[in-house]
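Right after this note come the structures.
In what follows, chain A forms one complex with chain B and a second complex with chain C.
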Partner chain A sequence: MITVEELKNKLSLEVIGGEGSLSNVIKNVYIGDLLSWVMAHMKHQDAWITIQTNTNVIAVAALGEAACVIIAENAEIEDVTINKANEEGIPLLRSNLSAYELAIELNHYIKDK
Partner chain B sequence: MKELALHILDIVQNSVRADASIIEITVREDIQRDILMISIKDNGKGMDEETLKKVEDPFFTTRTTRKIGLGISLFKTAALQCNGSFNLVSKQGEGTCLTAAFQYSHIDRAPLGNIVDTLVTLLMMEKEIDYRYVHYYKNNQFSFDTHEIKKVLDGVPITDINVVEWIKEYITEGLKEIVNF
Partner chain C sequence: MSPIKLSYQVEKDDFTRAGQASSSIKKVLRQLGIEPQILRKIAIATYEAEMNIIIHSEGGSIDVDISAEKITIIIKDRGPGIENIELAMKVGYSTASQKIRELGFGAGMGLPNIKRCSDEFRIESSYGEYTKLEIVIYIK
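Moving on to the complex of A and B:
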């Protein structure tokens, strides 16, 4: 079990929004950029890695009750998305790593779930 | 969505919920101008200005079961990400018309998908609703109107298995013809 806060510290993730919910627990990881697909397959308490940054991302994360959203490869994030993350209390983080590199790192912390 | 036809299926549900009796779906493959345009027009109850402003927001829905509705926002985002445009007009008591345009050749544009199955699914779902489907490919046009078909059917339900099989073949052949013309 790892919280978003702990993961943020371990991987030096940049907190962009939803700071109030960093105590969320991460159970698993999901990677995907096609939002409708993610909506159908992401599980409750997943850390979701994507390069999409429009507001729909926060809606999908809220709907799927993701533990957090991690934007890979330092993709630029629109202000409306950040505002929504704050409103909805969805931790929105960012990394310069790719989704694959993030997954490898995350594996160290998730595998003993 | 992996196919644009799934967006059509999704958006039409809004028209159904708005009590439309006629739903017009137009697909225009304008290869010369590199545009793929999809429009869905209904004669449902329409929306007031206030609602219209909010529907593109994913955190708005008229459903009471949950507070997030992504149908319209996903379609809009898909169009905009493909260098396209999105337009939604509505008038209370008259209906709603939604148009999404995509750059035809855009690498992220999802394929149109299975139009035949989409139309059949729609007319099976609400057999009281009339669907007008028009598909343009370059300068060729194919159209399909359940109102016309129902007239010929003379009381046989449009959901009759033989009728459905015929409709499937009719649309499949019609679409093939305009593409290979």
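Moving on to the complex of A and C:
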């Protein structure tokens, strides 16, 4: 079991928003950029990796009860998305790694749960 | 439990408030002690419906009726209606613009997702006038 905060430290993720919820526990990982698809398949407490950065990402993460959102490949994030992440208490993180590279790294920590 | 009613207006193209109605419905239902799995189905169905109003319609409303046995959700918009419902129900079919697709929508999964999450699902549309969805999700 790993928290968002622990993952952030291990992978040097940049915290963009939702700092108050870094104690969320990550159980699994989901990757996707099509919001309806993600909505249908993401599970409670997933770390969701995406390159989609508009404000709707936070709505999907909140409704799908994601542990956090990790934006891959340093994609640019709009202020309105960051504000929404703070409002909803969804940890919004960013990495220069690709979704694939992030998944490989995350696997080390998730499988030990 | 006496019936509880919730009502939300959803505006066309209002992407900044997108998800607020579904999020609010979910919060109320969680407080009422609805099981997480059922809550999830309701959240998916209402979110997809809310996005459909924002993306495809002239605006509309979401009305939720909560009783001890079931949640009934009526989604009604002010048009323009669906020309071919059978096609709209097909996974992967979407009339969303390129701009909407860039936001991560337009996967052609909205209506199929709603149907999958519902115990009862009815859709009616009058082309040029309105689309109405009636969804029932059992909680017992």
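To be clear about the criterion, the second predicted complex is superposed on the first by the 113 of 113 C-alpha atoms of A that agree within 3 Å, B and C clash if a C-alpha of one lies under 4 Å from a C-alpha of the other, contacts with A are read in each partner's own complex, and residues count from 1 in each chain.
We take it that a contact is a pair of C-beta atoms (placed from the backbone, for glycine too) under 8 Å apart; a residue touches a chain by one contact, two chains touch by 3 or more.
All of these numbers come straight from a predicted model, not from anything done at the bench.
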### Task
Identify the partner contact of A:103: answer first if only chain B is touched, second if only chain C is, both if each is, neither if none is.
neither
### Query
Does chain B (first) or chain C (second) touch A:55, or do both, or does neither?
both
### Task
Specify the partner with more touching residues on chain A, choosing between chain B and chain C.
C
### Query
Thinking of the overlay built on chain A, is A:15 touched by chain B (first), by chain C (second), by both, or by neither?
neither
### Query
Which holds for A:44: it touches chain B only (first), chain C only (second), both, or neither?
second
### Query
Regarding the shared-chain residue A:82, is it in contact with chain B (first), chain C (second), both, or neither?
neither
### Query
Common interface residues of chain A with chain B and chain C?
34-37, 39, 54-56, 58-60, 62-63, 88
### Partner chain B, residues of chain A touching it in the complex
34-37, 39, 54-56, 58-60, 62-63, 84, 88
### Query
Within the complex, which stretch of chain C touches chain A?
15-16, 18-20, 22-23, 26, 36, 40, 43-44, 47-48, 51, 103-105, 107, 109-110, 113, 116
### Query
Which bits of chain A are touching chain C when the two form their complex?
33-37, 39-40, 44, 52, 54-60, 62-65, 80, 88
### Summary
chain A partner, complex, touching residues on chain B are 1-2, 6, 57-59, 66, 68, 70, 73-74, 77
